[in-house]
Structure formats: structure tokens, C-alpha cells
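We call the chains A, B, C and D, going by the order they appear; numbering starts again at 1 in every chain.
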Amino acid sequence: MDKVGIVGYYYMKMSPDLIYGRYNLIFETVRGALDSVNLKKKDITTVISATNDYYDGRTISNAYCVEPAGAYLADESKAEMDGAFAAQYGLMRILSGNHKLAVVWGGSTPSCYPYDSAQLYQTDPTFERPIALVNNITAGGFQMRAYMEKYGVSAEDIAKVAVKNRKNAAKNPLANPEAQNANITVDDVLKSDILSDPVTELMYAAPCDGLAAILLAPEKQALKITDEPVWIKGVGSNQDPYYLGDRDLSECKSMEMAAKMAFDGAGITAKDVDFAEIFEQYAHEELILAEAIGLAEKGKANELNSEINGDIPINPSGGAIAGHAPFATGLMRIIEAVKQLQGKADGYQVKDPKVAIATGQIGFCAQNNILYVLEKGGN
Amino acid sequence: MGRQVAIASAGFCEHAVRRSDVSMPEMVKEAIDDCLSKVPSVGIEDIDMFVNGNMPAFEGASIPELWMTDWMGARNKPLMRVTTGGTTGGTVAIAGYYSVAAGLPGVDTVLAVAFEQQSQGDTSVGLSSVALGELTAIQSIGMPLQKMKRLVSAGAAIGIAAYQATNYMRKSKITEEDLARVVVQNRRNAAKNWYTHLKMPNVTIEEVLDTPYISYPLRFGMVCPASDGCCAMLFTTEEKAKDMADIPVYVNGVASVANETGIMGYNAGGGGQLDPSEQLGAQRSAELAFDQAGISFPGKEIDYAEVYAPFPNQELMWVEKLGLFETNTAPEMYANGTTAANGEFPINTSGGVNSTNAIGASAMERPAEAALQIMGKAGNQVPKTVHTSLGHGWGGIINLITMMVMADEPKRKFK
Amino acid sequence: MTEQNVVTNKGMVRAEFNFWVGKYMDKFYDNLENKKIVGNKCPKCSDVFVPPRQVCGKCNETIPLEQNWVDLTDTGTLKNYTITKWKITERGSRKVKDSIIGMVQIDGSNTAIIYKLLDVDPADVKTGMKVKIEWNDKTKGEPGDIKGFVKA
Amino acid sequence: MSKKMEYDRKEYDVTRTMPGNWYLSSYKFRYSLDHLQPWFKKLKEKKLVGTQCRSCNTVFFPPRLVCGYCLVKPDLWVDVRETAQVATFNITYEKNPQTGEVVEKPVVCVRHDGTDTAFLAQLSPEINFRETYVGMPLKVKWRDEPEGNIGDLEYYEPLEDEAKDLRKEE
């Protein structure tokens, strides 16, 4: 795989309710990414959007975003999955040699749509949707119980993840203010409202408004654009079966295979990873995914020291719990990993990282996963 | 830098106004089975990655491929969903191309699937929801409701097509009869193709002109149907394609340029394109795709074209804008038989979108048919040998244009 | 970001859908109407699916429509459960009273279906416990014919 | 007149259906009107202004948020004349729900002189729609009491066109 660089990025501070016009949000995000490396509209050759018709309340949700996203007379397409998948499509376009600068943007504003109902539209409409019992909330409950019962992990162990992420979020200036809490304790997490037993409200990455954009360029162009590109060394994605009853929810096979594909492509193993940015919809998912990636043995992820200054920092930015802007969250994980590699994560910087991973997901219980291996470039 | 991509196969399911006998995944499986049946050496387990898409708001399911994983055979395989409205099929095909071209480790053979089961949804609400937000915005800046209702009816897909028609008719001085002639050619062609929807073997121009106006100058008989259907295409590398298919089809140029949303958007920007039949996006797409494919004289070098034209005036317009015919000569080409199946430059012998329109799949059926013509396996195969062909699609508010240029010879990159 | 003039409008319409269930599910619902559970079996790996499917995802094997049907009982094992106050519908989500939602493997099948557990104290629920279908009095051939599961 | 066109139709077995809904009424759409405020202000004074992109000089009327060519916000205000031309048009068929009578109404896209963009507008109700043609010169008919919104441009009245026959021929 040829080297592709992440040369620029932007995401604005997340908020539970960004009272701001949709096109203005898109414009500011894409313009912000271009401005971060002083590029112009005419430098863009391709634009990939990540939006969802059911999250935007309109058919062809990218149709009106052409101008604000800088796609006018550029090669435009839309990946209707998490932004991290859109980034994969952007990466493919760069790798094909047809394009020199790809803008990948994604995001939505859950303050404007019923997030839970929009998730329900993903269910099997011939059987599960009429009963409306399988949804993002119950799926999380099933997953956590399956994980706890199989490996004997306690709710406290899982609450610790939420505590860590919310404390990290407090240091991340762009995190959702509702998720930032420097003084949170395990008890607070366990005593918060029950969302879907055993998942409590503070273990859940509540949706908030946000958009993100990154710029991708081939090696030669990347080096001209910036002194500190971050290289995409490997990417892998994979999809599990749909029915929750078909899957062993205590593990994540799709992430295992995605990670294998990405690590093989990059020629590294999980041991070479300096830190991870994982898209976790619930606190326990961070553990399940970390195990699937190979950062820990099965059932042992809770024993990792994953603090910012720990052995293997996981989600130093706070992860999706710090702000889950649907369809931008995966891009934000990539951006946060890039920030760390560039040494720009002010206040939550991991010590001198070289190799990072960032993940994205879509579907109930992380049905479809994608994983990036990112490497520090430049000096 | 990039790999040569080839199409090994393409398949369809039967299209009809209501595929009431199958659920969405079952319909998709039908097309995948048809696609793989044409390449006996390939099984579902040989596929490394899946790309698919549909127009979700037309069938009420968000990201339905999560649900249909097993039906597609995508369990524990990479899967990517792309969708861009009417061009979904085209973008899915292009994403299939890029997935192979990128040369990601372990990804050689990619199955691209585009589908639509419109009979389960409410297409009119689906269409109005394209602009629903914009309309509420226009209303809140003082547009009276009565006036807005009219704009809604003028602004739906057919309305925009009517704008194009008025401008195009004015410039090329054609009559409604010319439009009807295109319809007749398409529907008669469709009768010879196994999977199509509106099969009308004996339709005449008079019959078409005998139907009422839907939006001047378009009549009921000229407008595309709403179909249920699915299309699948198999993309792979040059080396593997040679083993899989007798005549692999090489994809030499792709483009999917976005044009402005100007007229309908309340505040979308744009360059202010005044004439909707001008189609800067299409021209730019054609430019890009032909440039990649090394085609300098599309009118001479391309043997067969499938253009996405739900309305007859669009078919005339596109073939000109894509550089296949001189400006304003297209109507004549339809009248003198150049574009017929046995003509010099056959166009849409599959019956086109005008006869079969499963929205999400339509734009993929164009490159699929164009590829099958090169392979010699098309439903309504043209008698002449096709070396180079073209598949085109449009969607959004006629602002997203997809192009795929294919040939029986790989393009050699001299870089 | 200091914007003063932002309008927020509501969408006004509702789209209605009718999803064709296909012949496999049609047969399942026909049986459900008669208070019977059927599944179908993969000819290769012999996994039994409830509800029935056209394809076994594990083997990528198409299960013929006419064959491989299996009659099943109305008893099953609780594989997993969760308790939530949230009721999520297409119209929106709201908090109602606690309900126990169970993932039940019908005896003789290899997958699980998700329904409510009825008449059980949350403290008594355990994974692995035996449950039994509680049918609705009037069955219409739809997923709602199964009211839920009760302790067997 | 409304003859149905026959085609070779194949019927498929009908299986049962499961209902589903998409409640768009629970969605919100959010738009910023900041870039339109100066325009509204001038409309109230029966004056027309548009925005110009500093980079490519395109004049947008009505003002738009973003210039597609340059991906910047156009922020130069320029005066726009009251005269315009038909850029394109179509005719819609509205059925009166009471009488069932179908009324033909033109919907036009107009481009104001000196601007580079077109927008949807309404013609004077007195014009016979068959008289409409591309390039037809028009003039704004203002609402008697402008309120500072888009409704102030009540409709467009045709102007004398000396080259009418040529344009229609074109």
C-alpha cells in the first residue's frame, strides 16, 4: 500500500445543541480543514461526505451540501456509514492515483432528530422493527451482560472506563461539555440512571451535535502541503452478522478481523501500538474492542493501564463518551490520533507516540468495524 | 499507483412494479446469484469486499445492508455503503472500481450491489423529503403557501426535467414527436430484454402523444415507471478477471462530479448556472472520465452508450452533453435509426431508465449493461462488436453525475 | 459562532412503508397465526433458524423454500436479558415502566429472538432459565402474536 | 385522452407486509438567515441588493451563503436592477379539488439583469402561460406594503420586448 497522508483536519467544539444552520456547520468544518493547511477550493479534487438520510431527515442528504462542502465541480460521493468508512473511501480514491486531495467530512445534529428512532430504522423491518425491542439501548444492555457473564468482569471495572473517559474528556477542549467531568467517581457512574440494565447513563456515549473533516493526500503532495503529515499505514474493515442471536456479543469478531487486515497491511502487530483511539458506544465496548484488536487478552482488558500516561493509553481524548456526534465520531477518533502523533494534544498529550490506531463502527453492538493504523511522519 | 480494474460479470433480478414475492434481501440475492452464475469459477467465498447502496428513504430502512449481511454473503467480510440518491448505482459501481483500484491488501475481488424496492415505500413523500427542509426554510422567509405548493410540484424530479426540456426544446427546435420517438425506441428495446419493467413491443408515437401532460412538455407516457429491482457487478483485478471471464471488461475511466444545487437550494451557493440543460457537471464528468480512459474523440471511439434518462428529453440532451453527438443533432439520430440496436451508434438498447427505473439500481444498470454489451452477454445484444462503451447516471437534484468508461482493452498508464 | 437569526422548522410529513416479508417469513407468519413456531434448517451445517431465512450466513448456503422446515416447540432458553425503562418507537422514545427484554433461544434452534419477559421479578431472572411463549389471544400473523415469554 | 399504456406485465405472488413509518414531523431543520438579513432590510425599502464574491465576482441574487467556485462567503453587497429575464420555465398542472378542473400555471426561473444566478418566481397572473418564453424581459411587481421578506417580490410583469419574435424563434 502506498503512503497516504492525513494533512489537515478540523472539528468544532461539540455540544448537545449547536444552534447553528446546517450548511454553516458544513462550511465552517470544511473551510476549517482547508485553512488548517492553507489550501484553496481549487485544490480539492474529491469530496466524500458521511451523512445519513434518516439522521438528516431528507432523502439524498448530500445533495444540498455540494457548495458548502466544497464539492462544486469536484468528484463527490457519499458513504452512508460512520465517517471513518468515508475516510476509507477517500483513501481508496487517493490510492487509485486519480485524485490528489480528498476532503472527507461527516457529522449530524442529533438535537434536530430523534436519534433513538433513527436507530430503530436500522432494524429488520420484517420482524424486529414492528416489535421495536431491538434498539441501540437494549443492544448495549445485552452486550454488557454477555461480556460480564462470560469473563466475570464486574460493573465497577466497566464504570472505571467511563470514569477514565469522562476525566480525559475534561482535558479535551473540544469535548461535549455534558460529558466533561474531572471529579467523577465510579460510584457516580454506577448510581446514575439505568439506561438498560446493566448499562447506566454515564456509561453510554450520548449523541451530541458535531461535524468533522479531514484532508487526505498522496505522499508526494502531502509532503508539500505540510511538514508533519500523519501516514495511514493500514486499514481494515469487517462486518458481523446482523441478528444479535447469531453473534457472541461478549467478543467482536468483526473487529478482530478488521484489525488483522489493518495490521497485516501495515506490517505491525498490536504490540507496536503506542496508543488507541477507539469508537465505543458504551464503556464496556471499549474493553471488548480493545481485546478484539489484541491490546489485551480476552476478558483482561480491564487490567490494562489505559490512562493517558499508562502503558497503553486508550482514548486519551475521552473517546466517543466525550462526545458522540453520529457519523463524525469515527473521523474524530482519527483526528484525535493525528493530534497526538503531531504532539498537538495540549493538556492530554500521550508521551512521544509513533504508531496509533483509530477505529470507527456502525450498527448495533459494533456490527461493522473499521480500524486504521496511523504513523507519525515528518521530523 | 492504482491498479487496472476489470468487470468480470454483472447481473440483475427481474424488475417489476411490485416484487411482492420477495423481501429486500431476497431480491438482492436474486441479482447476486445472476451475477455470479455468469462466472462459474467464482463463488461467494471468493469475494473480498462488498460495496452497496440504495436510496434508503424510499424504502424505509436505514443502512439496510447491516440487516442483509447474510443474504449477500458478506458475513465477516469488509462492507462499505455508499449512496447518493439517484446516482446511487453509479456511485456504488464507482466505489467498487476504487476498492479494486486502491489495491488495499487482501482486497482483489469486489461485489458491488445496488437495489431498490420502491413498492414498499412512498416515493412521493420520499421525493418531497429531498427538499422538505429547504421548503420549510423558504416558507419561513415569507413565501406564501399557495405559491410554495406550486414550486413543490415544479421542483420535484419531473419539474426539473421539465425545465431542462423547455430549454432543450427551444435550443434544438424539436417537437414532442421527437420526444415520443425516443420513448418508443426505449420501450420496444425493453421488450427484448428479459429483466425490464415496461415491455411494450408494439408501442407507437401516436400512443405516447395520446397521454395527458404531467408537466409540460412531458406527457404521462413519456415518464419512467417506478420499479423494484437490483443490480450486481463484480469488479476484480486485470489478472483475476482473465481467469474469471471470457471477455473481461476493463474500466478505464470513472468520474462522479457534483454540480450546483443552485435553483432549488434556499441558500446553497453555486456558480449560478442559468440553463438547466447546460449541465456543467456532466460535461466535466465526461471530460474527466474520457481523459482517464485516453479517449479524445468520444463520438468516434465509443461504440455503445447507456445514458440515464428517465425522461426522453434528457436522453437527447445527455448524448450531446457527453460528447457523443454534435449539439442539437441527437433528435435526428433517433429519427434516422443511428441509435437503434442495429444502428451505427446504439444507445440504451437495454430499454434504459425510461422503461425500468429501480432508482437506487438504475444508475448501476447503465454501466452493467454497457459492460455486458462488450462481453456479448447483454439481454438485447447489439449486432455490431462493441469495443468501448459508456455508462452514465445522474441523481440528486440533477447535480450529481456519474460516468464509467469501459473497453475490452486495458488502459496502459504511462506515468 | 455567534448567530442570531436561525430558524428551526419542523418536518410536516410522514412516509408510510409496507415491507414485503418474502415467502420464507410469510410461511413463518402463517404458522404464527396458528400459534405454531417453525424454523428452517441449513442443509449443510444443520443450524436451525427462527425466524426462517433464505440463506445460512455461516455456510453461504441457500435453503430451499420447499424443504428443510422444522416444527419447533414454544419453549426456549433465556440467553441474555436486559431491563430498561425506555420505549423506543418510530415516533420517538420515551420512558415508561421497567420491562425485561429477553433474548430467547427456542428449543431446537440455533439463534435467538428478542421479546419481553412477562410476569417475572427482575431479581429472579437468570440467563439459562427455561421460558415459554405467551401467545396473544387473537393472532393475526404478525410478530406481535407472541406477547412475550413467561417462566416455564 | 388519459389512455393507459399497456405493457407486458408479470404478476408476482403477494406475500404479507409489515408496516413502517418515517415520522418527519419529529425532525427539525435548522437554517441560518444571517446572510439574508441585509437583503430583507433593503426589500422593505423596495430596493434590491445581491452579494458578490470578492474572489470570482459572481453576483448572487438572492444572496447565497457560499460561493461554490471559491468556497468563501460572498460578502460584497451590490445593487441589483428591477428588471429581469426568464431563464427557464415549466408549466404545472394543478387540479382544483372542488371542481376537478385542471389549471395550467407557469413557474419560471428569473435572472435579474446584472446578476449571475436564477431563482424560482411567479409571473403576473394575467399573462397567458403560452406567451412565456425563455429570454422574456420582466420587471418586479412589488407588494404594496413591503414587509421585508421574500413575499415582497409579489410577481413579475412582462416588459415590452421588441425582439420577441426573434427570441421565440431562436
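Rule of thumb we're sticking to: a residue touches a chain if its C-beta (ideal position, glycine included) is under 8 Å from a C-beta of that chain, and two chains touch if they have at least 3 such contacts.
Just so it is clear, the structure is predicted and the values come from calculations on it, not from any experiment.
Novice: From the centre of subunit B, which other chain's Cα mean sits the farthest off?
Specialist: C
Novice: Among the chain pairs here, which one is joined by the most contacts?
Specialist: The chain pair sharing the largest number of C-beta contacts is A-B.
Novice: What whole-Å value do you get for the distance between subunit B and subunit D if each is reduced to the mean of its CA atoms?
Specialist: Their C-alpha centroids are separated by 28 Å.
Novice: So what's the Cα centroid distance for subunit A and subunit D, whole Å?
Specialist: 41
Novice: As a quick test, compute the distance in whole Å between the mean CA positions of subunit A and subunit B.
Specialist: Each chain reduced to its C-alpha mean, subunit A and subunit B end up 33 Å apart.
Novice: Residues touching two or more other chains, restricted to subunit D: which are they?
Specialist: 13, 15, 17-24, 26-33, 36, 64-69
Novice: If I count partner chains per residue in subunit A, which residues reach a count of at least 2?
Specialist: 19-24, 54, 57, 66-68, 72-73, 112, 114, 117, 121, 125-127, 129-130, 241
Novice: Please set out, as single numbers or ranges, the residues of subunit B touching at least two other chains.
Specialist: Touching at least two other chains: 19-23, 57, 60-61, 69-70, 75, 120, 125-126, 129, 132-133, 136-137, 140-141, 260, 264-265, 267-271.
Novice: Graph of touching chains, which shape: line, ring, star, complete, other?
Specialist: complete
Novice: So in the complex, which bits of subunit A are touching subunit B?
Specialist: 1-2, 21-23, 47, 52-54, 56-60, 62-64, 66-68, 71-81, 85, 88-89, 91-93, 95-98, 118, 121-126, 234-242, 253-254, 257-258, 261, 264-265, 362-364, 367-368
Novice: For the complex, give me every residue of subunit C touching subunit A.
Specialist: 1, 3, 6, 8, 11, 17, 19-22, 25, 51, 57, 79-93, 101, 103, 105, 111-116, 122, 127, 142-144
Novice: Which residues of subunit D touch subunit B in their complex?
Specialist: The contact residues of subunit D facing subunit B are 1-3, 5-10, 12-15, 17, 20-22, 24, 29, 31-33, 35-36, 40, 58-60, 64-69, 74, 87-94, 104-105, 107, 109, 111, 115-120, 122, 133-134, 147, 149-152, 170.
Novice: Report the residues of subunit C in contact with subunit B in the complex, numbered from low to high.
Specialist: Those in contact with subunit B are residues 7, 9-25, 53-58, 60, 62.
Novice: Write out the stretch or stretches of subunit A touching subunit D in their complex.
Specialist: 19-24, 27, 30-31, 34, 40-41, 54, 57, 66-68, 70, 72-73, 109, 111-114, 117, 121, 125-127, 129-130
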